[in-house]
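Inspection log for the structure reproduced underneath, given as structure tokens.
Which chain is which? They are A, B, C, D, E and F, in the order written, and residues in each are numbered from 1.
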Amino acid sequence: MIERAGERLDAFEQSRSAMNERIFELGHLGIKRFFSLDSACYRDGALDGRTKELLGLVASLVLRCDDCVDYHLIQCVEAGWSDEELHDVLNVGLVVGGSIVIPHLRHAAASLDALRARLAEAGAGGDGV
Amino acid sequence: MIERAGERLDAFEQSRSAMNERIFELGHLGIKRFFSLDSACYRDGALDGRTKELLGLVASLVLRCDDCVDYHLIQCVEAGWSDEELHDVLNVGLVVGGSIVIPHLRHAAASLDALRARLAEAGAGGDGV
Amino acid sequence: MIERAGERLDAFEQSRSAMNERIFELGHLGIKRFFSLDSACYRDGALDGRTKELLGLVASLVLRCDDCVDYHLIQCVEAGWSDEELHDVLNVGLVVGGSIVIPHLRHAAASLDALRARLAEAGAGGDGV
Amino acid sequence: MIERAGERLDAFEQSRSAMNERIFELGHLGIKRFFSLDSACYRDGALDGRTKELLGLVASLVLRCDDCVDYHLIQCVEAGWSDEELHDVLNVGLVVGGSIVIPHLRHAAASLDALRARLAEAGAGGDGV
Amino acid sequence: MIERAGERLDAFEQSRSAMNERIFELGHLGIKRFFSLDSACYRDGALDGRTKELLGLVASLVLRCDDCVDYHLIQCVEAGWSDEELHDVLNVGLVVGGSIVIPHLRHAAASLDALRARLAEAGAGGDGV
Amino acid sequence: MIERAGERLDAFEQSRSAMNERIFELGHLGIKRFFSLDSACYRDGALDGRTKELLGLVASLVLRCDDCVDYHLIQCVEAGWSDEELHDVLNVGLVVGGSIVIPHLRHAAASLDALRARLAEAGAGGDGV
């Protein structure tokens, strides 16, 4: 399960980055400005960027978008949130969004396990990385 | 088409059960209580459990969740609802939710065929099953 | 609370019927055919019309449409479903749709009380009605 | 019905403009940039602004936002679309979004009548306006 | 605008509390358990309750529920979040949910002004409150 | 990326057509009438069919249905809309629906590239087609 989720995350990251580049090439000013607004809204402001990533995660979960859940989980793990804290976020999303959210909760749980496995591997293999 | 839908259902059931177990292991009290509430709401009450499964099916269809549609279709077939009755439920979901529901109606029709094929096979092969 | 919900239901029914008539006058064939499809899908078929009204109610609740909830509650009460049975339907809608459904559950509970009060009044005032 | 819809539209336009001004005063750069992106996307581009208003209308209808429907209806009427053309747009929204859209279709039909009445009044009262 | 929003908030709080009580009276076990799960998920856990209220606010905004937005805004103000921090939350909700969220952003901005006015009044009038 | 999107489109078109046929075989009158209403609403009327396909595309995008996006993109390309015009439609969908639409925008961009590649291939190989 975790291995398959790991491959799924790799494929998502590659395809996301390739298609974002392709969309940039299209050269549509409105779309490009939207992408830059999107990046900007998770940066430190009155509220710190770390907390904003939690907001992105819960919003993605209640709107039931697996790719968006994966993207924000990656950011949340990088920002140093613990599993227990992230489970609390998933729980809020589940209660707000209802049982229709459950398939996306399963997806999120598999992704989180894969992200932790990736970190463990990087830690084991790395010298001072 | 039907064969592929059969394999798809098998994969869904395996992954659903593995990930539900994994989520249970996480040990988050709120999430566990939600799962138990979710199971409880389809049990016999003032309204019988059989009818509640139809409610689960139509709600899943208008909210456009394929996994949820599959789950409730499986329960509905087990509860003895006929194809004609289930088509009536799908029709209500289609009219309420609109043409955006059509891809999920195609999914549901393929799943229902696969479930009937599974039953036929079980019936043909089994003595005293 | 109940009185205000009663007036609200009266206003909804008047406005619904006036505007449906107005839409009919527009003479758009596609829209008229959609309205007739919509009426047809709640009639007795392989599944009886009474049960279909429950489907309409739960679909309206998870899609969070107060007017649709009111419309189907009126039909459900007319079809003879008890409060206890309808609460079971509302509960399924709440679990599937999550806490975001709660404001519509409050709305539904007020409407149901008003519909019962209306029935009681009709019963008290009527000879042989 | 039409009169009441006319007052409703007046109130919406006043409140919309007052609150947009208030939001501008808040001075949040991200929010301000979003509002400017929003205005920009309906301007003439490869596709003309008139057609983009139809897109805004149908998107508002299937997402079931009455205020957004009213806003785009006002723009569509100003852009010179006829009732028959706008009914076609509403019909697409109805078919895509399903019967859950019907309360918003009733709202749209009342708003459109009120907008035509407003135009007729302006035409009757005006000298060469 | 602010005054009207203040009255609107008062009416919401009264009606919310009256109808929650009414729903409790219905005595449906599943519904009661859902309400208790809902309260529990915003309590301090691995993640503190203050942050969870921000999650509730952004989830309510992207799901476009005015009553839920008001409820969580009240909690966020009580929890001591500043206007600037709350505007950052609203901005994330706007970017994730798109322009369809704007009417609810206007609603939220009016409610927040009314909540601050309420606090100022309470502060001005009270000795030892 | 483009090749994979081309195979994805082929698979979608085959499965769509096979399952639509299967649904037709089920013989449910309500469902069949819905499908015919759905086809009818994109035909020339007061508004031309070409423009209605743009409406179908933007509605599919804001409702975040990849299969529906693909279906309407195919129609839009056949109707002769240019890439630049279609990007404008996608931009409206992105602004209305927010960043949650981005994964579907990536999907749409990949599909559009694959459709253009298909056309180019057909053009290169064909004499007088």
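One rule holds in what follows: a residue touches a chain if its C-beta (ideal position, glycine included) is under 8 Å from a C-beta of that chain, and two chains touch if they have at least 3 such contacts.
Here the structure is a predicted model, which is why all the values come from computation and not from measurement.
Peer 1: Overlay subunit E and subunit F by their C-alpha atoms and let me know the rotation angle in degrees, rounded to the nearest 5.
Peer 2: Rotating subunit E by 180 degrees superposes it on subunit F.
Peer 1: Centre to centre, using CA atoms, which chain is the farthest one from subunit E?
Peer 2: Centroid comparison gives F as the farthest chain from subunit E.
Peer 1: Could you state the distance in Å from the CA-based centre of subunit C to that of subunit D?
Peer 2: Whole-Å distance between the two chain centres: 28.
Peer 1: Could you put a whole-Å number on the gap between the CA centroids of subunit B and subunit E?
Peer 2: So the centre of subunit B lies 35 Å away from the centre of subunit E.
Peer 1: For subunit F, jot down the residues that touch at least 2 other chains.
Peer 2: In subunit F, 30, 34, 37-38, 41, 45, 59-60, 62-63, 87-88, 91, 94-97, 99-100 touch at least two other chains.
Peer 1: Viewed as a graph of touching chains, is the assembly arranged as a line, ring, star, complete set, or other?
Peer 2: Graph shape here is complete: every pair of chains touches.
Peer 1: Name, in rising order, each residue of subunit A that touches subunit F in their complex.
Peer 2: Touch list, subunit A to subunit F: 15-16, 18-20, 22-23, 26, 28, 30-31, 34-35, 38, 59-60, 63, 65, 67-68.
Peer 1: Can you check the complex and tell me which residues of subunit E touch subunit A?
Peer 2: For subunit E paired with subunit A, touching residues are 37-38, 41-42, 45-47, 51-52, 54-56, 58-60, 62-63, 82, 84-85, 87-89, 91-93, 95-97.
Peer 1: Spell out the residues on subunit D that touch subunit A in their complex, using ranges where they run on.
Peer 2: 30, 33-34, 37, 40-41, 45
Peer 1: Can you list the subunit C residues touching subunit E in their complex?
Peer 2: By the definition above, subunit C touches subunit E via 1, 64, 83, 87-88, 90-91, 94-95, 99-100, 102-103, 105-106, 109-110, 113.
Peer 1: Inside the complex, what are the residues of subunit D that reach subunit B?
Peer 2: Residues 62, 94-101.
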